[in-house]
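Below, each structure is written out as structure tokens.
Next come two complexes, and both contain subunit A; in the first it sits with subunit B, in the second with subunit C.
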Partner chain A sequence: MTETTTTEPWLDSNQKPYIQIENVTKKFGDFTAIDNLSLDIYKNEFFSLLGPSGCGKTTLLRMLAGFERFTEGRVLVDGEDISEIPPHLRPINMMFQSYALFPHMTVEKNIAFGLKQDKLPAKAITQRVEEMLELVELTDFAKRKPSQLSGGQSQRVALARCLAKQPKLLLLDEPLGSLDKRLREQTQFELMDIQEKLEVTFVIVTHDQEEAMTVSSRIGVMDSGKLIQVATPTQIYEAPINREVADFIGDVNIFKGVYKGQDEKGTQLLSEDSKSIIYATQKADVPVGNKIWFALRPEKLEITKKLPEVDCNILKGKIEDIGYGGSFSTYHVKLENGRQLTAIRANHERTAEHYLTWGDEVYLHWVPHSAVVLLS
Partner chain B sequence: MTKFSKFNVFALVIGFTFLYLPIILLILFSFNESRLVTVWGGFSTKWYVELMHNQGIKDAAWVTIRVAFISSTVATLLGTIAGLVMTRFGNFRGRTLFSGMIYAPMVMPEVILGLSTLLMFVTLAIDRGMLTVTIAHITFSMCYVSVIIQSRMSSYDDSINEAALDLGCTPFRTFLLITFPIILPAIVSGWLLSFTMSLDDLVIASFTSGPGSTTLPMKIYSMVRLGVTPEINAVSTILVGLVTVGVITASLIGKRQKQQLAQS
Partner chain C sequence: MNIKEIQIPTFLKRIFNGRNTVISMPYLWLLFLFLFPFIIVLKISFAQPILAMPPYTDLLKWGESWWPTIQASFDSYLFIFSDSLYIRAYLSSLKIALISTVLTLIIGYAIAYSVARAPTRWRGILLMIVILPFWTSFLIRVYAWIGILKTKGLLNLALISLGIIDKPLIIMNTDLAVYIGIVYSYLPFMILPLYANLEKMDMNLLEAAADLGCRPFKTFWTVTIPLSLPGILAGCFLVFIPVVGEFVIPDLLGGTRTLMIGKVLWGEFFYNRDWPVASAVAIILLALLVVPIMFYQKSQEKAIS
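== the complex of A and B ==
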């Protein structure tokens, strides 16, 4: 497990965090935008702040850039307290949601702007601008004005302009928000490549959970000015800490019920969705009789016409709806008590659509290991 | 193509005739050979030549141009600052009062504006002359500049300034290198508008000017009282030409800016 130390520094207590956000609170009048938030981000991380709009993620980003002063707390970058440093002196650059390109300057001048402020010699500036144009593949567009660029090109100019200054930390506010889906997916990979190549620490704000999952080393899920969970994309998806996170990231089927104790098959849950006890391998750390929840991702639910040959976790239902997605199909299955569950099945065979169809009586089952036990 | 009904064409002709016939007649008769204003005696530019020898009109024109230049420049400076304050400094204390005070000269009858300015100068015992006309012109044209700047700033993306700060530019240099060049067209059209307004103002000037600071519109007005001469037509034609050029330039700048904004 030697690799763990390099790719997952947050697990290694010897690693020093690069950015330390310590007990930061931000109030706008009576409204608390950020509520006593602490977070450590490590060097070369690609960290995503994810949350619904109004959760405070953009405010947090703007505080790192220096555009908002916080009411309490402090922020350290590389051990240095930057709380009192005005934005133009911070070793941090930000890419704005609107890209904020200077409309009266060419692409070239836009990228050179930050370098000129540092009073670099003209030759060094020209060279750096060329490097940056090459990096974002816009060499042919150097003399264009921002109004003559497409959305994707503007996005790359904005990125090049931030990166030209070799910041210690790059902040990205919804960087791909205004691109169409195809371009967005392509740009996600470009961003990851650039981040790896230049070894810059990225903090990105997004409301798009798929985007966060694809690009991030870790995700911080925010709501109402608080971080609910900070973990790797896999952990966030496969082991959410509560129903809120489970529901916000991807689709999920949740079974509500009463904790009935532990046996050799796992944690027992008595739910009104099932006549018999259902099981999850994960342990529940609460007294018997408490309310707990099982969360189950749709792709973990197996859907069959035949009664599966297992001894637990079988539910009977009827197919209500089928969403054909090409590589997979989404099935909405209505249980006998009226509850609707979602199951996803990969379309292994070309005739899959004939196998299961509307109104079919089907069985849903899962292995106890697939379910997540949630206590809140 | 939209087809116009007979009524539409009729209304259009009547409307435009009513608006522009007097001006066209004035321009035409400024090239009249005859001394009689209403009788055409052949084409001539002699009244323009005569104008060049009329010291009174030349003095008045010189006064007008100096007043217009100084007042529009100062008004542009103050109006720009006021416009920026109104849009960039959020909801400061007394904002409503301040904005009301900026807009007041726009809706105030000119006579009252002139009279009150006159009263102020009398109270402060300031001798009426070039200075007082200039100050009065600054007060009423400043509000137009600030309106133009405000409307420009309302479509200004604040994150552009933040981006400049973020890239290491100080707040002052950000204004100089980013905000100012971007809003420059609006400032120029504000200046042109105040220049033309100062150029053709009669009411306020006649309240606030003193001996030796007669402006061109005042001069024309006083000459007309002794009878309309082709000379007046000639000087009016020049004035109309200047104002037209100013207003058209200002609106062209505004239009181009809107197109640029629409593109980006």
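== the complex of A and C ==
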């Protein structure tokens, strides 16, 4: 599951964005945390901000919540400028990385906290709290204190507490960061279900690219306070715009070389990793002789003992390392020039590990349309 | 060559192992520095005053027979309960302690809160300023307050020269002076536990409250105060318990009408030379304070777990 939406509002120019971040800059002293960033997010999107730590993604989230004021720019939610509104009056709720559950209140009281601030009648609060407890399947834990909950349960209480107020926008800061892998995967799907059911716009911050790929409608890859690429998970993975994005999302083999022009097989690259010209179908929009790069995902590199019956994109090497991963194996192959490439091969046969082994002379090859041409 | 090992009985080995020795240290400390003096005071409280050195009768009298007879007298206790002065002094001490604890809490909380929220590099300096008065003798600091509060003291001179008042304020030798002295002297005992608590408070909780629509002032009451309760309790007990028995401050700053049990105790010992009554006053004071001390212990245990 890579795409959760069937419609893609960002492609439709008639659609009005729900959250409009306009030329926002945030400086802490001399340090620019967010650098003139603009971004449109649409209603009911599950938008991920992805980037290495220190890239400004959490700062951006905290600015949306109102905990940090921006140095320049403005943010509109549903057409309303919220830049000057203090956090307690914003129609936005945030789920903290630490969950920030009030330790002196029961689960029930934690969830009711936000509703009480709205001065709702007691009956309405009780009813809403019950709904929320049911939604996150914690009805039996209503009277517990946060210290008596497991990590996964705390995470669900935090989620219920944010959702109880029916925010226009829900911000999630590394929501699954402190859960173990199994629980994290399960919770990813729960989050998606809840988001679809309640039709709330989610913006999630994560450094976990797999998580971002699984849950998001779109991903914004950030670095040094800037958005490098905003696209669907598939586009980000299959068509990264530069080496940085390609390298950050998943594993990748990159071939550096000189653009030699175009022929019937595609874009020609002369790389020191290959004796002959290598090809990619995608066009390179630069003059001949420029430096360009080919990016190739490990699962798109085919690894065989026999010489493949194709006329291009064949590299010869030796297996250095094998990582057995159950459903697939990862091979590190050393080329003749010493360069190491990574190939992934699904283990269709039960005895796959006997088929290719350490020290084997192998051929790597790819079809031209598997490679991505990168200009920077 | 025949080396004989010294045989230590196993039960002794079991008693004097390393672990027990370490554990016994605080108990030995308490035994010698608290329990023995306490037993002596308790013993004197059951004696009768005489003109001698020491000025009280022996509890045990060795007579003709080879066992002693006990000469316990409850006169001192009966005397304390028959003279309303003592009961008034106890009640007045508790009242003064309670009011000054509340005042210290309010001022101390404000200071502890601002230190805890100050930029990290400032905190150490600010805390040192809080502790700095401890570098001077307690007695000298209380004396200094006389210079500030007396009729022609610094405070009155300043206020008159600023034209705020025409006649000097009478603060010295009143209960107000006692409160000022107590709050000033005991403030660090309130600030330190409160600071320790507020400093480690998760700021995300306050942000979460704001995020859920809570105004800053209400967040303070519904989140900050409840979460700092262990610090509040620790600070209050650290101030309340010693203030009940406080002697120096009411003696130096208070007037003749300022009634506190510490002053009464002093008077019994040194003016009346009635050690048994003085000891009985001390024993009753201790009995009164056992209740809050137990609450303090409980709250500390809870804070640790």
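Basically, the second predicted complex is superposed on the first by the 370 of 376 C-alpha atoms of A that agree within 3 Å, B and C clash if a C-alpha of one lies under 4 Å from a C-alpha of the other, contacts with A are read in each partner's own complex, and residues count from 1 in each chain.
Throughout what follows, a contact is a pair of C-beta atoms (placed from the backbone, for glycine too) under 8 Å apart; a residue touches a chain by one contact, two chains touch by 3 or more.
All values derive from a computational prediction rather than experimental measurement.
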Clash-or-fit label for the pair subunit B, subunit C on subunit A: clash
Subunit B versus subunit C as contact partner of A:89, first or second or both or neither: both
Which of subunit B and subunit C A:147 touches, first, second, both or neither: first
Partner chain(s) touched by A:161 [first = subunit B, second = subunit C, both, neither]: both
Touched partner set for A:65, first subunit B, second subunit C, both or neither: both
Subunit A positions touched by subunit B in one structure and by subunit C in the second: 65-67, 86-90, 92-94, 96, 98, 100-104, 113-114, 117-118, 161-162, 165
List of subunit C residues in touch with subunit A within their complex: 202, 204-205, 207-216, 218, 222-223, 226-227
Touching residues (chain side subunit A, partner subunit B) in the complex: 65-67, 86-90, 92-94, 96-98, 100-104, 113-114, 117-118, 146-148, 161-162, 165
Residue ranges of subunit B touching subunit A (in the complex, touch as defined): 157, 159-160, 162-171, 173, 178, 181-182, 260, 263-264
Of subunit A, residues touching subunit C in the complex: 65-67, 86-90, 92-94, 96, 98, 100-104, 113-114, 117-118, 161-162, 165
